[in-house]
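Both complexes below contain subunit A, partnered by subunit B and then by subunit C.
Showing the complex of A and B:
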């Protein structure tokens, strides 16, 4: 017992790590495995390749957005506008599909989505406005633009059977659904960018210590700008998946997604204060959230249990994260 | 998350103010003539979906056609505080009847009470208000959601031939329309088809993408699903998408409770089996007619439902494709 208590105290001999530190570091992976085990034991339907691919596919829309948002958060900012940006991009690409054809629609969608991302980036990077206020305002503004554009009507693709636009949401490659493939491939690429490129290291630097990075000659404004371009780009990719999967869009289809995205990022252990985080862990965070939804439904729980369980999982994850950093489970002051 | 759309709203409000000023002057000049009624309407959230957008257009058209009516058209933008102040405005303008499309069935009751105290009758449109407010209103005009749910149960029963296992995708939890459509369906189903069993119910939040995801999980969980009841076609088509990608659509009956254009098209392709036809234009015209009748002092039914017939592959030629 004493040994266990001791292990929670900081100042261990070199090389040893306490269980607490272990959980802080690998807690998210442990939680992931725990979720898999619990759900697999509870229902036979859960542990199958098909269901796993379903979970990854269901996570792909929120997950793809979360990849870009992870960069924004590591850089020390927030992006709450991604939910309504997703609505905007999906409405745009679906509506233009019938008017100018899929290729041009996708191109235009990315142009306008990146344009909005660059407005965010300009206001936050160059004008140094508070990211919470800017993106919260953009959340409403983009929703307004979407409603003006669509006139409040739902948009649909008329010829759903014979368009190659179906590729992004409805087809498979080597038995893997394309949405899952987009999510995973983009995740791997961005993880490499984050860890191995100068760009990635600079993002960590500006998020970790803005002043120090400034004195080191980093151009914070340009870097922050590019993180918002990145989150707009991944949101555009998510819109491709969503539009193609549903073959239509409502004006408010992305409503509330900003918080789900943020939940996935936080669950992955990315610090909201910036300076630390990882794409791989964001991916696991988003997968855990999707798995909870899928697993509880397979078990036949009423819908509100998933809200509750999701919240508990996030609180425990954040708690362990903080506890590992201070070396104690509870704060003493 | 509900968010104000301030920029759009401002432009809209500007338009409304000029319209308001116009109707005020018209109202003054029209006094001398035969009876002209002034009817004010405060809507829920125009522009957020096609149904409400079409409703507003149809309402204004119907008001233009009627020669003894002037209307003051306001929109609360989904904001209950704004709706309450709009009701106060209409009271001050001394309109003859106020039509309200409640943003919140509970919170608008005091405002309705205020109108009643000022001697102005209130007609509630589309979604009903809470029980406490019922004695205060002149009439409710709108669809009978319980009946719509019951119709869906009957169509499900017909299509399944009286036997099978089904799943239900409901609307937004807590939303009156969602609750009533679920109740109507669940009450009627055992009466007409005691051998049809509801395996599970989960919310689709009126959202096609969400319904599609929910259906994917249902398909994983149940090896045999004979029917899906969705509280509207938007979600029903989401369920259809999910079943098609699993190659299980052929063995499933799809029934919705409000016909959308996408549902109508799927029905034309033979993939979708039944729904309930609810026209926003009919909804708007009914509300205006009831309000005029109330203004004229005529007796009206407290519950003035408009007709929402069943639509299936057999009779769909009689209906135009929905605008939403």
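Showing the complex of A and C:
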């Protein structure tokens, strides 16, 4: 026991890293592998290509939104309005589908979704208001707008068999469901943007140190603005998947999604303070949550057990991350 | 002129409350009435009770997202255990569950140093899971009518639940303003390191505030279930967002160190009056959501414009 506690102490020689630092750095990958191993050993239904695709498919809506939100969080802000925005976009695209045809419906959906994203971006980027409160206000306002638009009624697509709109949520390409494909492709593209483009590096800079980035001549206003456009865009993509899969929508379909999305992003090790994080790890974070859901259901646990496990997993993950940076397991307050 | 600007920037929400009262009094004959006002207080009490605790937690520089789930758990226990434990026993267990969840949040935040936002986000998801597992997704009904009679009872023509809310609001105000614990709330929120250096035990102090909000959320849930004579597993969904909205409307800063119970009361009343008045005018409730969201952002804007120092990096 003493050896274990000692190993958590800082001050090791160069090159060596303590178990704590190891977990802080690679904890999310370890957790991912641990999840796969535990579930594979406990139920034979878990480890198969089909089941893995099911997991990715289940993760695709929350995951797609989380990709954009990762950019927002790395930039040092929060976006709590994505759940309401998902409801809005899904209701809009489903309702317009029968009125103006699928192509125009998708176009209009993206126009209005990005418009709302730009309102967020303007208030937070240019007016520099606190992102938590602005997006909290927008959460409520967008919910209201959705209800006013639909009159409180559910919407659906009348001819569900003969529309190419079904492509996004119900079809497959090379044996991979399209939702999973959208999630994966978007994830790869955004990971490249984040790591390899000037835009990505600037997002890290403004999230890491706003003052320094300002003196370096970065336009924080515009950069923050564009992270909110990005999260609105990925939310629009998620609405496409959701609307096409269900072929209908309730007004509150996205309620609570903002926090599940955030759970995935946080689990991926993106710091809420901004300046650090990665798309790949967000994807792993979201996949872990989906895997917990899938595995526990296969094992026959009640549906909501996954939420209890999520509670523990989130706190332990962030705790280890912080403990590694602090060099001590417990805080000193 | 300065004093007016001062008033507007310090408590803009009370001016909004005043405008609302004047506006609705002129536009609806039913609004300006003692019975309607005690009704408003009754409606305000659910969010209001939690908002009292949230004020302490937020001035501390923390936040609690788990209050909606805690409310549902306490209500479910207080109604669901009545056949086994009787009303008093079940209510006690309900209150205890709130205190325990608050304590758990507080200890985790204290010992691990994980941000309260993340700690309570986890608890919000987990506790809601507990509620669904315990209730098996069923609503519970209180078969003993004494339970719902309490929720409908009045004293001197004012609903008892509203009186409880008023009493606790005054208590919270006095505690925050005139006790050592109250002053420490501001000290810890203003500068955590300095507070620690000054000898305040920051961890236990924050733990106490989390226990307080857990208790108030549980109380609020139990009182809500006496109003309905029932509890549902979805009770209190989004209440964390409403509560934070009310507290922020009342001028409490998310960054901590600044806020007041009087402001919070204004925020709570603003939401309740707006809902009540729009309801009397038969405006669909959808518009209330849009108006409240906009007001939240406008209040934030006013606060930013007038009271924050302008700096390069700010």
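The working rule: the second predicted complex is superposed on the first by the 324 of 333 C-alpha atoms of A that agree within 3 Å, B and C clash if a C-alpha of one lies under 4 Å from a C-alpha of the other, contacts with A are read in each partner's own complex, and residues count from 1 in each chain.
The working rule: a residue touches a chain if its C-beta (ideal position, glycine included) is under 8 Å from a C-beta of that chain, and two chains touch if they have at least 3 such contacts.
From a predicted model like this one, the values you see are computed outputs, not experimental measurements.
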Subunit C versus subunit B on the shared subunit A, clash or fit after superposition: clash
Which of subunit B and subunit C A:144 touches, first, second, both or neither: both
Which of subunit B and subunit C A:40 touches, first, second, both or neither: neither
Which superposed partner A:263 touches (first subunit B, second subunit C, both, neither): second
Touched partner set for A:272, first subunit B, second subunit C, both or neither: second
Partner chain(s) touched by A:298 [first = subunit B, second = subunit C, both, neither]: first
Of subunit B and subunit C, the chain that contacts the larger number of subunit A residues: C
Contacts of A:248 with subunit B and subunit C, given as first, second, both or neither: first
Touching partner for A:312 - first (subunit B), second (subunit C), both, neither: second
First, second, both or neither for A:132, with subunit B first and subunit C second: second
First, second, both or neither for A:118, with subunit B first and subunit C second: neither
Touching both subunit C and subunit B, counted on subunit A across the two superposed complexes: 139-141, 143-144, 147-148, 152, 255-256, 259, 303-304
Touching residues on subunit B, where the partner in the complex is subunit A: 1, 3-8, 46-50, 52-53, 173, 200, 202-203, 207-209, 212-214, 216-218, 220-221, 234, 237-238, 241, 245, 260-262, 265, 323-324
Complex interface listing, subunit A residues touching subunit C: 80, 123, 127-130, 132-134, 136-145, 147-148, 152, 210-211, 214-215, 255-256, 259-260, 262-263, 266, 272, 302-308, 310-312, 314-315, 318-319, 322-323, 326, 330-331, 333
In the complex with subunit A, residue positions of subunit C that touch it: 65, 108, 110-115, 117-119, 121-130, 132-133, 192, 196, 202-203, 206, 237-238, 241, 244-245, 248, 254, 284, 286-297, 300-301, 304, 312-314
Subunit B-facing residues of subunit A, complex: 43, 45, 50-51, 54, 58, 61, 83-84, 139-141, 143-144, 147-148, 151-154, 156, 158, 170, 242, 245-248, 250-253, 255-256, 258-259, 293-294, 297-298, 300, 303-304
